[in-house]
Every structure is written in structure tokens, then in C-alpha cells.
């Protein structure tokens, strides 16, 4: 095998792995004649995605749009609050244990309560998503700010810089990489928040449909939605990683 | 000519942290004259870095008088910008900001001072040319080695043409060969630009190699125990370290410091 | 002694970070550790003050001034009383939830580390399976819980399995990142001394990966909690998730708040335990 071909295969290997896995599943389903209510053939699910995209779209749109609203809002609030709080060491010390507690708790515990307050509906999902993202970005940025080397502040002091200059020229740029870590974590927990909220208490959306389809044995459809969800999550996460590579020069 | 441009009289520094009280400096008295190359040498933790931070008004002393070029520091009041501009500070580790290019890092103090004239850009370009770093102007710090990062750190300290350079163990983390090269380059720049340099190091040999005068400090509490004039001819080359006079200086100074590592490499 | 050029200076030199210049000098003169008493006062006083103010304030607003409806914010005293009263009798829910978390986590950690370790052996494996791991880490595995239940026929270990599938991917993701981002000079060091592949892995790659591995372990705790609570919301019957749902349906809001707080505190406790272990391990390694 030539070097070029090997390099080409290397680049393509993730795709090959996906194809391999789906092929194995498909073969297993065919050879062992696994009943469709235990494991549907992946090809059937892909066919469903292509043929019934119109039916899938409303649920997809609901989930994705709530995620794409809650995630930026939560992250932005977390980002802004973090930058405000890190200006004061006492405030940071006072609230960071509670932030960590919020971060550690799966935000979906709040869903029954939110349902009582706000009723069934889209808002619950968006709020849970925003909360998850908020705690991720905030905790990461505040941790990142603690790691800024003291000499950077001394540098500004040695030029008689103001606290504001310190903020814009040292704190904010130094925190970029923590911000992106927080965004990555937020992407994951935000998606879990939306899906969880839909599975537990909603009447539309991917989470709801997956739960419904499983209960009424529509496994082909159910896996179709799962594959779509996986693709969406992967795309969002990859976009953030790409943005991180571009904007963070460490 | 014989008037000192920097004078510290009876300076004390006591740090009050939440957990303990540390007497970092006790009764520091020193004088620096124009165009002098003075080293302060001593073991780790003796407070030599504290002294130059006090001079650059990064820390305020608990007691004592500091005079720079006729201006006396007023306690609890910020030193005016015009006085601070006379100082250039070189940190122990290069302390470059990784998201800015080399040139932007060098111009950073100018940005903080709100100097936006294109005239300053020319000064920085000249500095890069003098030190032979012009080709690295658009590199990011992540691409450079430690020695080069520190050279950029020195250039940054000089970007606003200060007359006094404060250097906090600038080459301590580098290997012997690189340190020697950078010492020579520092002396060359000092000779060209006619600055006054206060050079902090824990390496006695390096202190003797570069300076006109050496203050020796001891620790616990930090205090000056000796002041020695170095009468070696300039320009100094590495061969001077083999001379009898150099070795005598080294032995004498070393004996003045308790618990010392000879030629300690950090 | 190797007079090596320490040219790759760590820009984020930890020693200079959160310690101010004052403390830096202090460290060199006096012993490092603050006494526990002083540490307690400095680090824990502000948060405790905030908590006390919050509790007292809420107590005044709810029981005293009746500013909030009970369903919005019950008084802290009622939360405490109803929670204690409930769990005095029936500790089963709490036990079920967190024993599942514990067992699931204890299974996930070695599993995740082994998977990451195996994948890290060749660049090809990392490249090929990397995206797959990302997919499993990003997608909330709770979507598979209904079908898991169906496959396992409501077995008792379904919940543990749910925790495992939620936790393993994130541990693998972070550990793999740690195993694959070895600084160049450490690789060269290993090659210079002719270390065998396994020695290279265990003596050089793994130790420098510990920080990222522990990040994964801490995230794993969060995910384990997420996994169990979401499972309990879906498979009702026992557990804190179930208890919160039932209590909400019966409008017992102090109990709801109490359960939420219990879940929060226990998750925090578990994560703190991992952080403490991390501090011990990293101190020994470095």
C-alpha cells in the first residue's frame, strides 16, 4: 500500500468505523433474524429518515430550536456573571461552593417542579437547558480565572494600568480557553437537559417521541430519531471544537 | 554625576497575610547611580524581588523612604505615571501574553500607557532590529523557545524607552550557555542605550560577571549584608570568569551568604 | 545531572497562580500548609455566611412575611422538617439512588479507563474511534433507557446499566484526550531510554495524563447522577427521581425541595471525594 493511500485511509477511518458498526448490526439483524422490536435494522431506520423526514421534522425542529435558544442564553448569562464575580475575591469565595453544587446536580431534578410552575410546555425544556449551560460556563470560567498567573497582573501594575484595563487585556483573554471548555460541557449537559425534559414531561420533541415509540414498539422510528439526535449532538460539539481551535491560541 | 538617581532609606517590608506576618525586608538602604549596572544577589526568598517591586510601585513598603530622580514616594499614594515610566520591568518567567504576537506583546505597555502614536511603532521596530528579532515579530509566544521568550520580555520592558531597567532573575531558568549569551547581550544593550540596570539574581558568578556593583542580601529577614564594587575591565567576556580577581570576588561574596548553593542552577 | 534547556516554560506556572506575591515569599520562609483552623476560617467563612443569610432571609420571607406561595418557595424550616420526617421512615429511595450511582460509577471507571487505554495504543484507533466516543459522550444516553428496560425485562440491574452507559463515554473521552496529548519532549525521553511500549505507556503517558483523567472522573460523577435521576423519572418505582415526581403530584413541596437539595448535596459530596483523591494522587505523582 502506498503512503498516500494509507494516509487517505487514515483520514477516512472514522467514517469506515461507522460503516463497519452499522454493517455488523445490519448483518446481525439479518442473520439472526432479530425481531424488529428488539433491534431494528439500521438500514430500515435510515430509510425511514429519508422517506418520512417530513413527519420527523416537527419534533426535530422543536428539540433543536429549544436547544439552540437555551444553550446560547445560558452560556451567555454564565459568561457575563462569571466575569462580574471574578472581580471580587470575596464574592468568588462566597459563591463558588454553591456554583459547584449547581454544576454537580443534574438539572433535570428540577423538571417536576418546573412542570408544576409552568405547566407542560416548551419553556421548561429551554429553562433546564439554559440552567445546565449556565452552570457549566460559569464554573469553568471562574476556575480558569483563578489560574491566571499573578505576573500578568503585575505587568499591568508596572505600567500603572487601571483595573478596567486589567479586565479587558488580561482577564478576558486569559479566560477564553476556560470559556470554550465550559461551552463544550454546556453543549453536552444542555442537550441532556432538553431531551430529559421532553422525555419526562412534554408532548413533542425527540425525547418524547423516542419514549413513545419505544412503548408502542415502533423501534425503527425510535432508532431513526436516536441517530438524528446523535448526528446533531456531534455536529454541535464539533463546531465548538473548531471554533476553539480557531480562537484560542495558547 | 555623583548624585544617586535611586535611593532607598530604611525600607522595611512586612507582609500581612491572613495566616501569618512575614518580615520580608529589614532596614534596606541602597543607592543607585546613573548608568550603573547593579546586581542584588542572595539566596531564594531573601526579598530581592520584593525590593524591585517596591521601586516599581507594585508593592508599597511598610516603612522607609524611596527617592527616584528627585521624586520621593508618598506613602499610600500612587506614584505618578511619569515616574513609573522611567522603570522597565523584566519578569522572572517571560510572562508573555500567549494570544498576542511578539510585536504586540512588546507594544503592550504602550497600550496600557495609552500611547498610540505611530512613532512608537518605529521605536519598537528599531528595538527588534537591534536585538536581531525582527523576523519573529509576527510569531506567537507558543512557537518560541524559553530563551527567545525572555529576550522578548526584555524588549517589552524597553519599549517605552525607560531609563532604568529592573530585571528579576531574568535568565535563572535557562541553561548556562544561553544565560551567558543573554548576559552579554544585556550588557551590550546597556552600553548602547545608556540605561541604569538593577539586576536580581541568585547566581553569584552571574552577578559579578555583569555588574559594576553588587549588593549581597541574606534572608530571614531580608537585609543587605555587603556592598562590593566590581573592578573588572569592560567590555566583559566569558574569559574574565577564569581570572584570579573574579574568583576572589566570588569567594568573598559567597562567604557572605549563609546556606548558599555555589553557582546554583535552578 | 542533565543540564537541559528548560525552554518549554509552562506559561501557566502553577506556583505563581492563585497565591499572591506576598504568599509566595511567605511560602519560602515558613512551612507551606495553613493550619486547618485558619484554612477553615479563610476559605469557608464567606460561603457559610452567605448560606446563613440566605436561610434566615428565606425563613423570614416565608414563615414570617408569607411572601411566597408554598409551591414556589417553602420555608427552610418546613423543608428540613418534612425531609427528615420522611427519610426517617423510608430511607430506601435515597439508598437506591445512590447505591446505584456508586456501583455504576465503580464499574464505569475501570471500564472507561481500559477502553481509553486500549484505544490510545495506536494513532489509527484513536482517529477511527474518536468521533464515535464523542457521539456517545454528547448524546444523552437516557434516550436508550426505555429500550434498555425492554431488553433487560425490568431486571434489577437496569438502573446500574443506565448509569454505566451514561458515565463511561465521558470518562473515555477525557482519558483519551489525556493519553493522546503527550508533550513532545516526554515522548522523546521515552524513546531515548529505549523504553518498551507498555513501559512507555504506564511510566510516561499515564502519569502525565492524570489531570485530564481526573477531569473525566469528576464529570463522570455528574453524569452518573444524571443517569440515575433520568432513569428514575422514566422507570418509576423507587429512587429520588421517583420520590420527587410523587411528592410533586401530591403537592408536598417541602419534601420536593428537600429531595432536590439532598440529590444536589450528595452529588457534590461525591464530586468532592473524587477531587480529594485527585489531590492525593497528583501530589504523589509530582
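A, B and C label the chains in the order they appear, each numbered from 1.
Throughout what follows, contacts are C-beta pairs under 8 Å (C-beta built on N, C-alpha and C of every residue); 3 or more make two chains touch, one makes a residue touch a chain.
As the structure is a prediction and not an experimental result, all values here were calculated from the model.
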Chain pair showing more contacts of the two, A-B and A-C: A-C
Nearest-to-centre chain - CA centroid comparison: C
Whole-Å gap between the CA centroids of subunit B and subunit C: 45
Centre distance in Å when subunit A and subunit B are each reduced to the mean of their C-alpha atoms: 49
Separation of mean Cα positions, subunit C and subunit A [Å, integer]: 17
Overlap residues in subunit A, where contacts from two or more other chains coincide: 149, 151, 154, 250
Multi-chain contact residues (two or more partners), subunit B: 53, 58, 93, 98
Multi-chain contact residues (two or more partners), subunit C: 11, 13, 16, 20-21
Complex contacts: residues of subunit A adjacent to subunit B: 149, 151-152, 154-161, 165, 169-170, 173, 176, 248-250
Interface residues, subunit A side, partner subunit C - complex: 10-11, 13-14, 16-18, 21, 37-38, 90, 93-98, 100-106, 108-113, 115-117, 146-151, 154, 185, 187-189, 191-192, 195-196, 199-200, 206-207, 210-211, 214-215, 219, 222, 225-226, 229-230, 233-234, 236-238, 250
Interfacial residue positions of subunit C with respect to subunit A in the complex: 11-14, 16-21, 24, 43, 46-47, 49-51, 71-72, 123-124, 127-132, 134-135, 137-140, 142-144, 146-147, 150-151, 170, 219, 221-222, 225-226, 229-230, 233-234, 240-241, 244-245, 248, 251, 253, 256-257, 259-260, 263-265, 267-268, 270-271
Contact set on subunit B toward subunit A in their complex: 53, 56-58, 78-79, 81, 84, 87, 89, 91-93, 95, 97-99, 108-109, 111-113, 140, 142
